[in-house]
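Dropping the structures in below, format is C-alpha cells.
Shared between the two complexes below is chain A, which has chain B as its partner in the first and chain C in the second.
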Partner chain A sequence: MNKRSHSIAFWAAVAVFLVAVLSMTQIVRNEYPFFAGYVILQFIALAVAWSILGGYAGYVNFGTNAFFGVGVYTAVALFKATGAPLAVQIAAAAVVGMTLGFGVGLLTLRMRGIFFSIATIALAIIIETFVMNWRFVGGAAGIQIQRPPVTAPFDSYVKMLFFVQAVLVVIAVAIARYVQNSRIGRGLQALRDDELAAECTGVPTLKLKLIACMISGALISAAGAPAAMYLQYADPSSAFNLSYSVSALAMALIGGTAHWIGPVLGAILLGSTQQLLAVTISSEVNVLVLGIMLVLFVVGAPKGIIGLLRPRYRLRAGGKQ
Partner chain B sequence: MKRRTFLGGAMAVAVVGHGSSALAQQPPIKIGMSMPQTGGLAGGGKASLLGIEIWRDDVNAKGGLLGRKVELVVYDDKSSASETPAIYAKLVDVDKVDLLFAPYATVPTAPIMPFVKQRGLLLMGNFSFQVNSKVGHDMWFNNAPWGPADSWAASFLDLAQKAGGKNMALLTADQEFAQNLALTARDVAKKRNIPIVFDQVYPPNTVEFSSIIRALKAAKPDIVYVASYPPDSAGILRAVNEIGIGDSVKIFGGGMVGLQFAAVMSNLGSLLNGVVNYNTWLPEKSMYFDGTKEFFDKYTKRAVEAKVDPLGYYLAPFGYAMGQMIEAAVGATKSLDQKGIAKYLRENEHKTIVGPIAFSADGERKETATLQAQFRGVKDKDIEQFRSSGRQVILFPDKLKTGELITPFEAARN
Partner chain C sequence: MNTAADAPLLQVGTLTRTFGGFTALDNISVDIRKGERFGLIGPNGSGKTTLINCISGALKPQVGSVVFCGENITQLPPHLRARRGIARSFQIPRPFRSMTVLENLMVGLDFAAAGSAAAEEEIAMSILTRMGLASKAGAASATLSQVELRKMELARAMAVRPKLLISDEAMAGLSSSEVDEVLDLLISLGEEDITIIMIEHIMQAVMRFSERVMCLDAGKIIALGAPGEVMADKRVQEAYLGT
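Let's turn to the complex of A and B:
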C-alpha cells in the first residue's frame, strides 16, 4: 500500500512537472530561460543516467563524454544522411549508446575500480579520434547544421528542445527509480558492496552489470542527441569534452548516489550554479567556485545532499507510522 | 564630454548645463559578447578583449557613441561551443544589448551564427574562419584579414612557385583550424597541378615529431606546408632543427599557429629563422596606419597589468578595429539600427588601425590581408627583438611587402 501510494505521488509529480514545462514553453516569451534550462535538464539526465552504473553498481564511469559524444554524432550522422526527425535521432542515439554500453559492460569482466575508470577514459579518446577522422560528419573541423522547421505547438526550436529534454529527464528518472526498487537495484547494491560475495550467493553479477551499463549508456547517449540541434553545430572537442564526465560525476556525488533523487538535486544545484556563474562572475573564478563546492561536499557531506537530508526525512516518516 | 562642451560653447551656458545633465542620464550603449577567458583559447581571447577595451576607453574619452557612453557586457564561454548559445540568448533577451560582437575563434562562434540569422542581428566576427559560408547571414562582418577561403594557401603557393617549388608536402594537425587550412591547400594544389608527395595528419597531442620529419624529408618535397597548433608548432621546429629537412625544400611553413605569440616566439628563438608563416599584423613600416602606434603604446602598458601577450600583434589591434568600424557606422547612420549599420559596413571601406577594410557579400574581407612573413636574424630568448622591424619580413601581400623570400629554406635558416 505504502509502495503504491509512493508510486502515485511520483507519477503525479511527473505529470505536474511536464505540464509546468509545457505551459512554460507556451507562456514565457523570453528565450534565455529555455537556453539555460535546457542545459540544466541535460545535466539532470546525465547525472541520473551516470548514477545507475556509477552509483548503484559502484563502477565509476569516466566515459560519460564518450556516450554523450556518440549521442551527438549519431544524431548528426542520421540527420545529414536521411534528415531524420528529432525523435528518431534520439531513439537511434539510445540504441547506439546501449550497444556501446554493452561493450563497456564486457570490460567489467576483467576490470574493476580505478582500472575500469581508466578504460572508460580511453574509450572516449578512441571514439573522439574516430570521429575526428570521419569526414562525413565534418571531421576535426566540425559541422554546422540547419534546424528543420519547428513542430507545433512550439513557436521556437529551443522551447521544443527544452520540452524534449524534460521528457528525457522523466524517462531517465523513471528508469532509475525502477532499477533502484527492483531486483536489479538490489543485485547491483550487493555487487557494489562485495562483488565476490554477491556472486557466491547467486547474484548474476555479469548480467546485472551488463544491464546497468546498457541502460546508463542508452540514457546518456539519448540525452546527448538533442545537443546537435541545440548548438546547430558539432565538433569533436566540444561533443567529447571531458567536462561532461566531470560534471555528471560531480553532480551525482554532490547529490548523493544512494537514491535517484540525489543526482537530480545535485544536477539542479550544480547546473544552476554553473549557469548563474557563467553570466555573473564569468571568469576563472567560476571554475574555482565549483571546485570549492565539490571539496566542501566531499568533506562535509560524503553521502551528498540526500545524506544530509535523510536522517530528518526518516525521523519524520517514522513519526507518522 | 570634451567635444560636447566644445560644441555647446556656441550655445547659452544654461542650455549646455541642461544638455549635459540630460546626457548623463542617458543609458549607455551596451555591446555584448562572450570571450574565451578560460580554456584553450583564453590566451587569445584575453588579448582580443584588451584591444576592444582600449577602443571602448578611447571612444568614451571622445564622448561615446551618439553622445552615449559605451559599455561592454562580457561573459566567459570557456572556449567551448556548448556555452555560447545560452550566453548570447542572455545578452539579447535579458541584458538587451544594443550590438553584438562574436567571441574569438571559430568554435565558440559557430553555434551563434544560426541564432543571429534567425533574429536578424548584426554580428561582428572575431577571427573565425569560414563560419558564415554555410549559414549565409548578410549581417555578419569578420574583422580577421583572411579574405576568400583559398587565399591563404594560394598566397603561400604563389611564393613557393616563384621560388621554383614544383611539389608539395602537407603536414597538418587533426584539429578544426588546421584541417580547414589543409582542405584549401589540397584544392589549390590540385588546381595548379602541384603534386602532393607527402600528406600526413597527426593527432593533436603529438609531442615527438622526429619520425614524421624523417618521413617528410625522405619524400624530398620542394614546398612544405605546415598547419599546426602551438605545442606542435614548437615540436615540429625542434625536430626540423635536429634532423634537418633537406636541400630540396624551397619554403617551409604557411599555417603554423603559435608563432604569432610572444611566449612561443621567444621560447623558440633562432629555430624560427627561415620559416615563412602567416600573420595578421607585424611591426613593419608598411603596417602603420592612423592610430596604430598610439594603440600599441597603450596596449604595451596595459598588457602587463592584464597579464596577456606582451606584443599583442595577432588579435588585439583587430579587436580595436572592430570597434572602430562600429564607431564609423553608428556615426554615419546616426542610429543603432542594425540593418542600417550592416548596410553601411557592407557598402563602404573603413579606415582602421590595421589598414582599410572592405567586405564582400559573405562578410569576409574582399581581399586577403593575411601576411606571409619570413623570420630572419632571430636570436634566442629575447622578446624585445620582435618589436623592431626586420625580424619578420613581409613577403605577401604585395601592397604591404617589405622584402623578398630567401630560399632555399636551409640557406634562410642561418
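Let's turn to the complex of A and C:
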C-alpha cells in the first residue's frame, strides 16, 4: 500500500519534471540556461549511475571517465560512419558501456577495495590510449562534429540536448530506484557489508556485481553519448578526463549513497555551484571547491546530505517507512 | 541408531586441501547422518574451519568430494549450496552491519528461500522470537552485544531454511550462562530435523550437545565416535587436551 503510493508520487514527480523541462525549452529564449543546465543534468545522471556500483555495491569505480569517453566515442564513431540519429547513438553507447561494464564486473572476481579502484583507473588510460591512436575518430587531435538540423518541437540543438539529458536522468533515477527497492538492492547491500557472509546466505554475489557493473556502465556511457553533439567537438583528453570520475564520485558521496536521491542532491548542489563559479570566478576553482566540499562532508557528514536530513538513512537505503 | 536405509545427508569423501606447502586437510572422509548432532573438535589449526569452509563452499578442496543429499556439490559456489540447505555461522561474527537485525534475516529469506515479502517478514520475526531476539528486530546489527551477534548469526543461518546448519564456535567468548543459552537453542533446532555440525572448544558444550564427535589434528581424523569414547581416546587427550 505504502509502497504503491510512493510509486505514484515518484512517477507523478517524474512527469512534472519532464513537462517542466519541455515547457522551459519552449518558453525560455536565452540559450545559456540550457547550456549550463545540460551539464548539471549530465552530472546527475553520472552520479546516480555511479552510485549503483559505487554506493549500493560498495565497489568504488574510478573509471567513470572510461565509460563516459566510451559513450562519447561510440556516438562519434557511429555518427561519422552512418550519420545515425542521436537516440541511436545513445542506445549504442549504452550497449557498449554495458559490455565494458561486464568486463569491469569480471575484475571484481579478483579485486576488491582499492585494487579494484586502481584497475578502473588503468582501464580508462588503456581505452584513452586506444582512442588517441584511432584515426577514424580524429586521434589525439580530436574531431569536429557538424550538428544535424534540429527536430521539432525544439528550436535549437542545445535545448533539445537539454531535454534528452533530462530523459536520461529520469531513466537513470528510475533504474536506480528500482534496483534499490528490489531484491537486487538488498543483495548488493549485503555483499557490500560482507561478501563471504552474503554468499553463504544465498546471495549470488558475482551475478549481482555483474548486473550492477553493467547497469552502471550502460547509464554512464549513455549520459556521455550526447557530449560530442553538445560541444560540437570531441577529443580524447577531454572525453576521458579524470574530472568526470572525481565529480561523479564526489557528488554521490556528498549526496549520500544509501538512497537514489542522494546522488541527485549532491549533483545538483555541486553541479550548480560549479556552473556558478565557472561564470563568476573561473572554471579552475571548481576542482578546488569540489575537493574542499568532499573533505568537509567526509569529516562532518560521512553519510552525505541524506544522512543529515534523515538519520535513519545512516542505517539503510529506504523503501518503506 | 539410525536404520541402514537412511542415506547420509552429507558425505565428505577423501577431502584434501593444502595452502602452499601446508596441508590443512589430509584425506578426510566422514558421513553425517540426517538429523544428527555432530561435534567437531581439535586444537587450533587442526583444520576444523577449513573443513567447514570446504563444506559450505568458501573454499574448494584440491582432492575429494562433498556430496549433499545425494548430489555432488564439490564445485558449487556457496550461494547455491545455501539454496540447497547448507547454512553456517562464522567464527568471528560477520553481520551485515548496515542493516537491522530483521533485514539481516531478510537477505537469507530473499535469496535462499524466496516467498512473498509479507510472509518473509513474518517468518523472520518468528525465527527472531525463537532466538530470543524479537525485541532487537529493528536494532542496527552493529549495535548488538557479542551474545546477540552470535544468536543473530544463527538466526540468519536459520533464515536460509537449512537442512544442515554449521555452527563455527558460536559460543566463543561467551559467559557460561550465555553458553547454555546458545547451546539450548542449538539443541532445540536439532530437534526439528535440522542436522547440525558444531565446532566448539568448550568441552562441556560438546559433550552435552553431540551424538557423535570427530577430533581433527593436523588435518587428519584422529578419533570419531560417541563423545565419551572420543574423550577417552589417548590420542585425543594428547593432541587436544594437552596431557
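Note that in this section the second predicted complex is superposed on the first by the 306 of 321 C-alpha atoms of A that agree within 3 Å, B and C clash if a C-alpha of one lies under 4 Å from a C-alpha of the other, contacts with A are read in each partner's own complex, and residues count from 1 in each chain.
Here is the rule we use: contacts are C-beta pairs under 8 Å (C-beta built on N, C-alpha and C of every residue); 3 or more make two chains touch, one makes a residue touch a chain.
It should be emphasised that the depicted structure is a prediction, and the values quoted were computed from it without experimental measurement.
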Inset, instruction - Quick one: on chain A, after the overlay, do chain B and chain C clash, or do they fit? Just give me the call. - result: fit
Inset, instruction - Look at A:Glu31 in the shared chain and tell me whether it touches chain B only, chain C only, both, or neither; answer first, second, both or neither. - result: first
Inset, instruction - In the overlay, answer first, second, both or neither for which of chain B and chain C A:Gln89 touches. - result: neither
Inset, instruction - Mind working out whether A:Ala197 is in touch with chain B, chain C, both or neither, as first, second, both or neither? - result: second
Inset, instruction - Applying the touch criterion given at the start, work out whether A:Thr120 contacts chain B, chain C, both or neither, answering first, second, both or neither. - result: neither
Legend entry - Larger contact residue set on chain A - chain B or chain C: B
Inset, instruction - Could you tell me if A:Thr108 is touching chain B, chain C, both of them or neither one (first, second, both, neither)? - result: neither
Inset, instruction - Report for A:Thr74: first if it touches chain B alone, second if chain C alone, otherwise both or neither. - result: neither
Inset, instruction - In the overlay, answer first, second, both or neither for which of chain B and chain C A:Asn65 touches. - result: neither
Legend entry - Superposed arrangement (fit on chain A Cα atoms) - minimum chain B/chain C Cα distance in Å: 38
Legend entry - Footprint overlap on chain A, comparing chain B with chain C: none
Inset, instruction - Please name which positions on chain A make contact with chain B in the complex. - result: 30-32, 34-36, 38-39, 129, 132-133, 139-142, 144, 146-147, 158, 227, 230-233, 235, 237-238, 241, 243, 275, 278-279, 282-284, 286-287
Legend entry - Contacting residues of chain C [partner chain A, same complex]: 56-58, 77-80, 82-83, 87-88, 90, 94-100, 103, 106-108, 110-113, 140, 156-157, 159-160
Legend entry - Touching residues on chain A, where the partner in the complex is chain C: 183, 186-187, 189-190, 192-194, 196-206, 258, 315-316
Legend entry - Complex interface listing, chain B residues touching chain A: 37-38, 74-76, 78, 80-83, 85-87, 89-90, 93-94, 106-107, 110-111, 113-115, 131, 134-135, 174-176, 178-180, 183, 201, 203
